[in-house]
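Okay, got some structures for you below.
You will see chain A twice below: alongside chain B first, and alongside chain C after that.
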Partner chain A sequence: MSWTRKLLRVNLTAGTVTEEALNMNWANDYLGQRGLATRYLVEEMDPAADALSPENKLIMATGPLTGTSASTGGRYSVICKSPLTNAIACSNSGGFFGAELKFAGWDMVIFEGKAASPMYLSIENDKATLLPANDLWGKSVWEADKIMRTKHQDPQARIACVGRSAEEGCLYAAVVNDLHRAAGRSGVGTVMASKNLKAVIVRGTLGLGGIHDPKAFAETTKAGKAVLAENAVTGQGLPAYGTQVLMNVINEVGALPTRNMREVQFEGAANVSAEAMAEPRKSDGKPNLTTNGACYSCTIACGRISTVDRTHFSVKDKPEYWINSGGLEYEAAWALGPDTGVDDIDALTYVNFLCNEDGLDPISFGSTVAAAMELFETGAISTAQTDGVELKFGSAEALCWAAEVTAKGEGFGKDLGLGSKRLCEKYGQPQFSMTVKGQEFPAYDPRGIQGIGLAYATSNRGACHLRGYTIASEILGIPEKTDPLESAGKAGLVKAFQDATAAVDSAGLCVFTTFAWGMDDIAPQVDAACEGNWSTEKMMEVGERIWNLEREFNAKAGITGADDTLPDRLLSLPANVGPAAGKVNELDKMLPEYYSARGWNADGSVSAETHQKFGLPG
Partner chain B sequence: MRITLKLYATISQHLPAGSVKNTVEIDVDDDASLHDIIDKYNVPRELAHLVLINGVFVCDADRDQGGLLKQDDVLAIWPPVAGG
Partner chain C sequence: MQKSLHIDPGKCTGCLQCESACSLENEGLFNPSKSRVKVFTFHDEGRFVPYTCTQCDEAWCMQACPVDAIVINAETGSKDVLEDVCVGCKVCTIACPFGTINYNTDSGKVTKCDLCGGDPACVDACPTDAITYVDANATGLDKMRAWASKTDNAS
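On to the complex of A and B.
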């Protein structure tokens, strides 16, 4: 389908919906999705604007391969300024919503302004209508989904929606599509709710069209699928065990952040691992994991569909949770588990359901609970704040309570919705916040895996593993093994991963393909689908251009090289056990080399030469 | 000498009886190489991708070498895996 060459502009203040031609010059420079939407955002808003003001824009964007038969070609992203970080936000999601948007004939939807009252957008091919959402406001994603389906009577419609957490101002609220896939990070759902926009329901029947070279596309996508099928990771490991297979790996290498990143190994890791999800439980003989699942056009199928033990305290009186739904993936399992010290897999699965039901980013939520547990342990907060709940590390009951109140924005849930940085500042202990640029860490400790520390520090959306997944090389040996304890050489590695990922995201593909695919596998698929010359070299150039554009957005938002840092705990408190015992992250050694590799100034600003080299705006 | 062997994911089927949570204690010769142990438990060498002694990776070229292990070490092995 490549590009539909059309975008939909929705002005929520005026209540208008208009069609525009896609800027194809920009598409040639930024490809699609993440890159192209960022180009629009840079053009159309002041990066210094308040993220929760009507001046912020929110873009739902597909890539040129979204909706095609390329494996994993179902991704879309939500792009805006983040209220959590005040940096660029770009959150990527799978499921089926993105492909459906493409089938309806749209490359992207730009939302601007703010509606006077709650609204949702209905798209049926070229007919797009803003409709009142008063009856949906105050409802969870799952409830709102049900109401919209009853109203529209189209079982094949796809829905992206925000939950009550977003309405209540939780700063890390997600946009959830297809009930349990999410554009999860950086509070893109919070921005959506701030515009009084509850949901988008889309149905597209226009199908595929516009492939530049259909024969070459059929050949290259078939070859790509063969590579994925024959690769042990994408063909066997991910479908069988999902990303959760990493729980025991990362614990073994001594880089599993534990109890708010004070420790690097968790004694209960095996109890919340992929292997544990496959073990039959005592109550009914069934394992936690029911089956795997795939997003649109995906031939990997890493998704987890799980149940909670019906006799578990969290759900025994709540039959509405006796369901098969989106199960634990590694990042969520880590944040909800080792980082809070909880090793109860049913509690984690229940909380994961709540995160999907009401649109909480489980990484930021779990990490914020971990910080709150440290505040509680040290006496900075007490049961006076927590409605009598003993918010202690290791308490499954406290974790479940925290999710319930945060999902609805009730009581201490309002504080937890601030995120770790603002929560710790509020209670006078900013050093307990494990964040970069205000965003919570993912599941890899930078003391035991040096390169990922640089990736976190320099990520354009705050601490994030998906902006440069050096774990592939440092731990998993993909494409080649590097020493995780060694900081030398990591600057170039981080840059290469960052640039490649920006290109993959912008194509509309899933980054998990890169466990098997190199850019030499991806570029021919893009080249066959799209007009123009999309060589490996051009894809890498586009990726680097996007990275620099995001960096310049952040600079205009007031973020500088001084923000490219890690919490003091990771720079001065050595790992306590394991291979990294005695080590801290050596960011000071890596960062100057990284700036140099990027062609930036010594203070981390994009140099005039680099700005000009990539033809960046402004 | 006695060491701890851990086999995960698709190669966990090669664990001997008595293993708990992918872990079993085994006796090995003092000069046993990692390939000796991998072969003894019928783990296909091509699936012994991520091989760690006490959490530290051992590359394929060193797996024929004796003397890498000492009493109470933990040998953990995974097939090619990834996540995110």
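On to the complex of A and C.
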């Protein structure tokens, strides 16, 4: 069965913790994790409720393969309504926390209400207790982690925690687990902090059994691992270079958004690339990258473990940062680097450490800084707002300062914590915000890569690459190459990626497997683990059902087809250089075709037929 | 030919596939907390180190056992715990200098690596060859080869 068939309901208002049976009818329709938690959220809360009110719920959810030996079977997601987008938030994280939750006997934890004072949840197998967190409040994730470990005297416990940014109301605060893995996007950490919930510490020694067909599971997971090992991307590229392998590639195709997406190629890209991370530095002869690290059960191991040069201005007087920790992944490196015009790899690594330490989504943070730099350049803000700091494109000092004040919610850091949309609105220049539905863009310019523009515009959680990673096809040729500059045919491609990703997430697997795995590789693993018939067709159907359910949540939250758009800069300001020079994103051509492929009405609403076809609630 | 587990921490990514496989083989569950091989993560140093029983010849655990519940497996050379003889006194856990024999509260017995009878599940599961099962007389072969490749015969 692979599900533990139990969930933990934590009512923070009442201070109660209760066990509940998992709704297996829903599990059959929505699989687990992202899909199943969304089904619970739709059932239990009004999508129109204020995301930061006690009416919002926050769900930590695993998938049926989380905790198994299937490669990458260690993922969990945090699901709630987002304060950044007012849409559904579903942020996926690796590390070891999700698997531990499963070993403690829980498929998911639902938090509801709001505690009167700061609390944290301790889970030891079937014993779950709410404990006071007054001493943890006001502490960074890294500090709180230490305090909890000392208190619980358990080095093997796993911790998910929010930082000071979340406590201070930064709208894109993450939930950080295992010190440097994060449910990063859409402000799920902000929601957690709004409930006065600082952390969850979990220790599971019960283990996970009940694999439906153990022999088939052993065979299919072994075959799956062989496919990953033999694939050039998952077997060689990602372990050696991490996602940062993309920096030079995307720059070359002219789709590396630069200086708040005004330009599409960055002259300093090579300085902040994977290759640069492997270069020995002058001060101590060591490279930025120490080694690669894996999340639970992952046989790819794309994670970067890095150090900052001890002689760098950012850390030379701060020995607490002379450590190894989570290093630069591509999206973070892009947002902190090319998008702000900074090509100082040590500054980027330091800021990445701060993002992990205090739970900032580095994509939203970097993009917001980029917008602030454009505001500064045009005079909409000045040193009067920035405490005297010259917030200029390309300034590593300004970037480091911005991270420090945003992490703690101090001074101008409060403004930066609003995110790019609200910041630009506040200073009267909304056109500088590179966002969809209020969420900042990731690292691919939709002028040079047409399909990803449609994926951004229609993503259920606002601009995001992980809701439909068409880069795989448009740039890397997976599963087949499509022309990045061509918008024709991208509607079907985006839909296929969106549906497949929803199913992969809901299984508890990592989407990076899909560089090598098709649904024909994934479905047999799910089918062997779970009761029921989990064919490729069923997985795709479940993915599409989830997509439609999320869309309906958003509709009830007041989001319409009019929000499926891109900033004017990408629709009317052509790319300046490179292969995409002269191109804008052709969203207007792709969107009607996409709605039609989805079986939606012309205004982007889910049609009655499609609603009925997938048996959606309400 | 007798074989032994050989660990190369430099190759470990900390994925815990070995712990998962060990617990499945020996406990029938995915349960790293009951694994006989443990991977230690030294976060600040950026290192992952798998660790398990090295099957000492003069095994302290075996010497200390008051009921002769730990015996030598003639085929593999592993020191195996006879569950029906073990009384759960835990003296072996004190005697072992390396901490690689541990008490299991569920069974009331001690557990340790038994090389899975000659086909170690952790080795099969390790995606990076950080744990291998090699000729016990030449566990240093890979290291020798690595250094040999750096030796310049021409000069």
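Everything that follows uses one rule, which is that the second predicted complex is superposed on the first by the 617 of 618 C-alpha atoms of A that agree within 3 Å, B and C clash if a C-alpha of one lies under 4 Å from a C-alpha of the other, contacts with A are read in each partner's own complex, and residues count from 1 in each chain.
The criterion applied here is as follows: contacts are C-beta pairs under 8 Å (C-beta built on N, C-alpha and C of every residue); 3 or more make two chains touch, one makes a residue touch a chain.
Keep in mind the model is a prediction, meaning the values are calculated, not measured.
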item	value
Which of chain B and chain C A:Asn292 touches, first, second, both or neither	second
Touched partner set for A:Ser325, first chain B, second chain C, both or neither	second
Partner chain in contact with A:Gly489 - chain B first, chain C second, else both or neither	neither
First, second, both or neither for A:Lys225, with chain B first and chain C second	second
Which of chain B and chain C A:Gly394 touches, first, second, both or neither	neither
Touching partner for A:Gly204 - first (chain B), second (chain C), both, neither	second
Which superposed partner A:Ser69 touches (first chain B, second chain C, both, neither)	second
Chain A contact footprint on chain B (complex, rising order)	6, 8-10, 12, 21-22, 47, 49-50, 52, 54-57, 59, 74, 76, 78-84
Chain C to chain A touching residues, read off their complex	13-17, 20-21, 23-24, 27-34, 43-48, 125, 127-128
Contacting residues of chain A [partner chain C, same complex]	67-69, 71, 96, 99, 103, 156, 179, 204-209, 225, 229, 239, 290-299, 301, 303, 305-307, 323-325
In the complex with chain B, residue positions of chain A that touch it	231-233, 236-238, 240-246, 248-249, 252-254, 270, 274-276, 329-331, 465-466, 469, 471-472, 475-478, 481, 483, 511-512, 515, 578-579
